[in-house]
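Next come two complexes, and both contain chain A; in the first it sits with chain B, in the second with chain C.
Let's turn to the complex of A and B:
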């Protein structure tokens, strides 16, 4: 396990470069992001451990980051002051572009993986915005009327995007539909809905709605999305059957789930980071021969925890898979001012 | 609020959220969800002796009208909202007519439907299950389960004369035998002595006596004013049925030991009039709806129906029914027997009580804390609902949560149900 200390700054998000297996960006904030500056680190993995190749300081806290999919040196940062900044890591100090349309904290930014020309932002102000880095203003504003912690483009379609919000809903927007009254909204899935009753099984337990903090599109199954949030439960949904409730329910985290991320290598594996200070690796039970976890009455769908990393000593807030090389390497960050690079396989039980 | 305070409030709400997933099956069962099937009213009449008891001259019709009026009065629910009443009854062959008529006569509108649930001693629980299932599957929103039996008016004539198909079948032929025979079979098969049956029967009476004297059962009972005709003098007078009159104060094991054998023709002849359930009249009612409905209407939620199940076994040892129904129920809900606070197990016979409690391996202290059918009587169709009424009242008194109700079922079955108190 490799470690880097973001001295004086608490980690909020970590992302591997889509171009280099040795480059990692970390969005951090002073004073736990409550008040004060932010700093975007660009870290290099070298033979001598992790080194800070560059960092950019910002006026307000930084809550998320996303690498450009089209330009290897460009990277986005989401700021607590409502601004989105685009940095070029070959330059020093200042962003090459900045957008200030959100009226409150920007919680997530995400680059379009298919057309590579647009990116998304989501904010506490109850909107999602789509941008082109060459345009001074946003291209589209999609209202959710609720603090939106996470927005993502589908990795399979350039016009499909999704978001989860504090109102416990997973929303799907399709930009091919006419804007009209629904603002491209094509689906709104209540995350807290219990799984559909099946013959011969005990009825699933219901939970009240709770804030959804994170979600991620499966990289292989183009209709599958995982969500996580304040109710401590990870769920997977198939948007083709949005009325069926979750396909898998994965209980286990002891506090809110802050980040989920599907494996780029295996269709059934995902990583999570939680306020309970652990990062856990799960199978959603869709793989052949998956064994269900006995005992927990909330569990559904045959998924289970496969291992956990408990080295962080404060909230674990961000986790990301390395896209290259041996499958299983990942990076995590947290409020303990640390970035850890580790191999998921070493954390898995027998 | 400053921006940093808002951010702090947001993060602390993500941490301290009241939303916490249940960690065990017990937590899950105790959790409150809008689609839970809840009980908002639980009441019964006094259980009175079929010979000479306060209700012994009251017809099924009059008994039903009285308890249905009681439901209307106590629930304060708009009668038009009650969509169906399911009546658990065993012995009245024309129960369909009488129940529909009594519903209308009690002042419910013609829009309130009625039906009958019948499975011998589990009929009251079967009615409860039927109402719960209808609400759960969204057939109705509000339903009433009633268990009722007038054993003074409807004697149990036993099985009909079967044709050769049944009477020549090695197992089915046993259905012609009286229940007392099944009790003796149980005693013989499992070596249950007369002495232990008398001991446990006396304990049932002592518990009932204590509960009655302490006034614990008062909140179970809805008093009914009715006419009583003295069987000897033929004089009729108005009486108030407000207490279980089968409870024999001062019952001891030694006293019961002197009673003669009820079935000397069947070895080991351990059953007597003293260690078997009494022949009794009575009715019990449970008003049920979804939690969301109850909250909308402002109905008080006193308990929750969780689950129930049934299982079959050879008719010749029908008394062992609970020993297969209870484990099946607990497996379905994922509870262990130690999670259960109170057990209401029908004391059809002393042999049944002893065998079921010992086989299930449950704490005797938790079984029938107010006495059972040996002490207060067993109006067949009523008992299933009556045990829930008793359990809810006792759970309230003791501040406990989970009760299992179970009974053996004539012809070889057992039924068990799980309820949770929310008082």
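Let's turn to the complex of A and C:
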């Protein structure tokens, strides 16, 4: 396990570069993001461990970051003052572009993985905005009317995007639909619905709605999305069967789930980071031969926790898989001012 | 979504899809107000059949098919519209729609005759209310409105009138019951629609000014002014009182959390909602909303902000008090929360600072 200390700054989000296997960006904030500045670290993995190749200081805290998919030196940072900044890591100090349309904290940014020309931002002001880095203003604004913690493009379609927000709903927008009164919204899935009852199984417990903090598209099954939130449960949904409830329910985290990320190598494996200070690796039970974890009445769909990493000493907030090399390598960050790079396989039980 | 499934109902709709402009914001706003106020969608409404002959007449151009058409030639538009009470009653029914086509024609042609401007503004201003006793709305309007103001309003707006003209007409067609109200405005707007010339506009404006300065109208307007002043003042006072009350209520319900810098601390807690009871989350979200409204911070509010922050920290800690794991006991963040709760630490500018007895504060590393 490799470690880097973001001295004085608490980690909020970590992302591997899509171009280099040795480059990692970390969005951090001073004072746990409560007051003060932010700093965007660009870290390099060298033979001598992790070194900070570059960092950019910002006036307000940084809550998320996303690498450009079209330019290897460009990277986005989502700021607590409602602005989105585009940095070029070959330049010093200042962002090369900045957008300030959101009226509250921008909580996530995500680059389009298919056409690579646009990116999304979601904010506590209740909107998702789509941008082109060459344009001074946003291209599309999609209202959700509630704090939107996470927005993502589908990795399979350039016009399909999704978001989860504090109203406990997973929304799917399709930009191919006309900009009618529904604002491209094609689906709104209540995350807290219990799974559909099945023969021979006890009816699932109903849960109250709770804030959804994170979600991720499966990289192999193009209709599957995992969500996580304040109710401590990770769920997977198939957007083809939006009325069916979750396909898998994965309880286990002791506090809110802050980040989920599907493996880029395996269709059924996902990684999570939580306020219980652990990162855990899960299978959603869709793989052949997976067996359900006995005991937990909340569990559904045959998924189970496969391993956990408990090295972080404060809330774990960010986790990301390495796209290159051997499957299983990932990076995590948390409020303990640390970035850890570790192999998931080493954390897995027998 | 809906119109994606229903197919094209008119060609413009399809065109709009192709234009690809982001209109989501406007639509969002429109949606929250009124769904049915869009002119095009309501086109083939109950009055569609009524409009058809007029449209044909319009298309026929100079060969009027409408029985009302000859009146254009016979009378001056204003006379024909204002002088005959019989026609006035017509307006209250959908059958009054013939005028729409005619007006539209006039708009198109818009023969501007600056010299022989048939539009003597003061006369018309007087004219309108007097000549239309049928519409009680007008008399009400006249009684409530200070005379000079009304004139100015009519005088200044002709530039924009052609547009409103249409919208009023549209409403007229859809809601005949409003027509008496609508017509009051409409008449003026029609006047404006024809009258598009800058010189004539200026002349009319001068005339109106002169009228305003005329002795008898000064007396009138003075009286009105005084009355209105009193009204305004009363309104302002009551608004003030109300505002004060709401603010006080706000303070009682949820006292202010923190200054602007700390707003994130408040906001943060929903994120950690698992650790908080749902009700406290709600409280804090409301707090934040409240704060957004009141951006002005006063120095003496600082103490209160600290108080609020400490309360929030206390709630957060309370929600995890059952957790006795070593990690949580040793957590730097949670110990900071404890110190905030116990008011050993407070926010100063962009930092947490320790509060010592002699009020000297040193930055926390």
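Going forward, the second predicted complex is superposed on the first by the 350 of 350 C-alpha atoms of A that agree within 3 Å, B and C clash if a C-alpha of one lies under 4 Å from a C-alpha of the other, contacts with A are read in each partner's own complex, and residues count from 1 in each chain.
In this text, a contact is a pair of C-beta atoms (placed from the backbone, for glycine too) under 8 Å apart; a residue touches a chain by one contact, two chains touch by 3 or more.
Everything numeric in this text was worked out from a predicted model, so none of it was measured.
K.L.:
Of the partners chain B and chain C, which touch A:182 in the superposed model: first, second, both, neither?
P.N.:
Second partner only, chain C.
K.L.:
Classify the contacts of A:251 with the two partner chains as first (chain B alone), second (chain C alone), both, or neither.
P.N.:
first
K.L.:
Taking the superposition as given, does A:213 touch the first partner, chain B, the second, chain C, both, or neither?
P.N.:
both
K.L.:
If you tally the residues of chain A touched by each partner, is the higher count for chain B or for chain C?
P.N.:
Of chain B and chain C, more residues of chain A lie in contact with C.
K.L.:
Just chain B (first), just chain C (second), both, or neither: which does A:314 touch?
P.N.:
A:314: touches chain C, not chain B.
K.L.:
Contacts for A:34 in the overlay, against chain B (first) and chain C (second): which applies, first, second, both or neither?
P.N.:
Both partners, chain B and chain C.
K.L.:
Quick one: classify A:298 as touching chain B (first), chain C (second), both or neither.
P.N.:
Only chain B is touched by A:298; chain C is not.
K.L.:
Between chain B and chain C, whom does A:233 touch in the aligned arrangement: first, second, both, or neither?
P.N.:
Only chain B; A:233 stays clear of chain C.
K.L.:
Between chain B and chain C, whom does A:80 touch in the aligned arrangement: first, second, both, or neither?
P.N.:
both
K.L.:
Which residues form the common part of the chain A surface touched by chain B and by chain C?
P.N.:
Dual-contact residues (chain A): 32-35, 80, 105, 124, 147, 208, 210-211, 213, 230-232, 255-256, 275.
K.L.:
Sort out for me which residues of chain B touch chain A in the complex.
P.N.:
For this pair, the touching residues of chain B are 3-4, 7-8, 10-11, 13-15, 17, 19-25, 27-28, 31, 33-35, 332-334.
K.L.:
In their complex, what parts of chain A are in touch with chain B?
P.N.:
32-35, 80, 105, 124, 147, 202, 205-208, 210-211, 213, 230-233, 251, 255-256, 275, 296-298
K.L.:
Under the stated contact criterion, what part of chain A meets chain C in this complex?
P.N.:
Chain A residues touching chain C: 10, 30-37, 61, 80, 105, 124, 138-143, 147, 149, 166, 177-186, 208, 210-211, 213, 230-232, 254-256, 258, 275, 277, 310, 313-315, 335-336.
K.L.:
For a test of understanding, state which residues of chain C touch chain A in their complex under the given definition.
P.N.:
Answer in residue numbers: 1-4, 16-17, 22-25, 27-28, 30-31, 35, 261-262, 264-265, 267-268, 270-275, 278, 323, 327-328, 330-333, 336, 347, 349-352.
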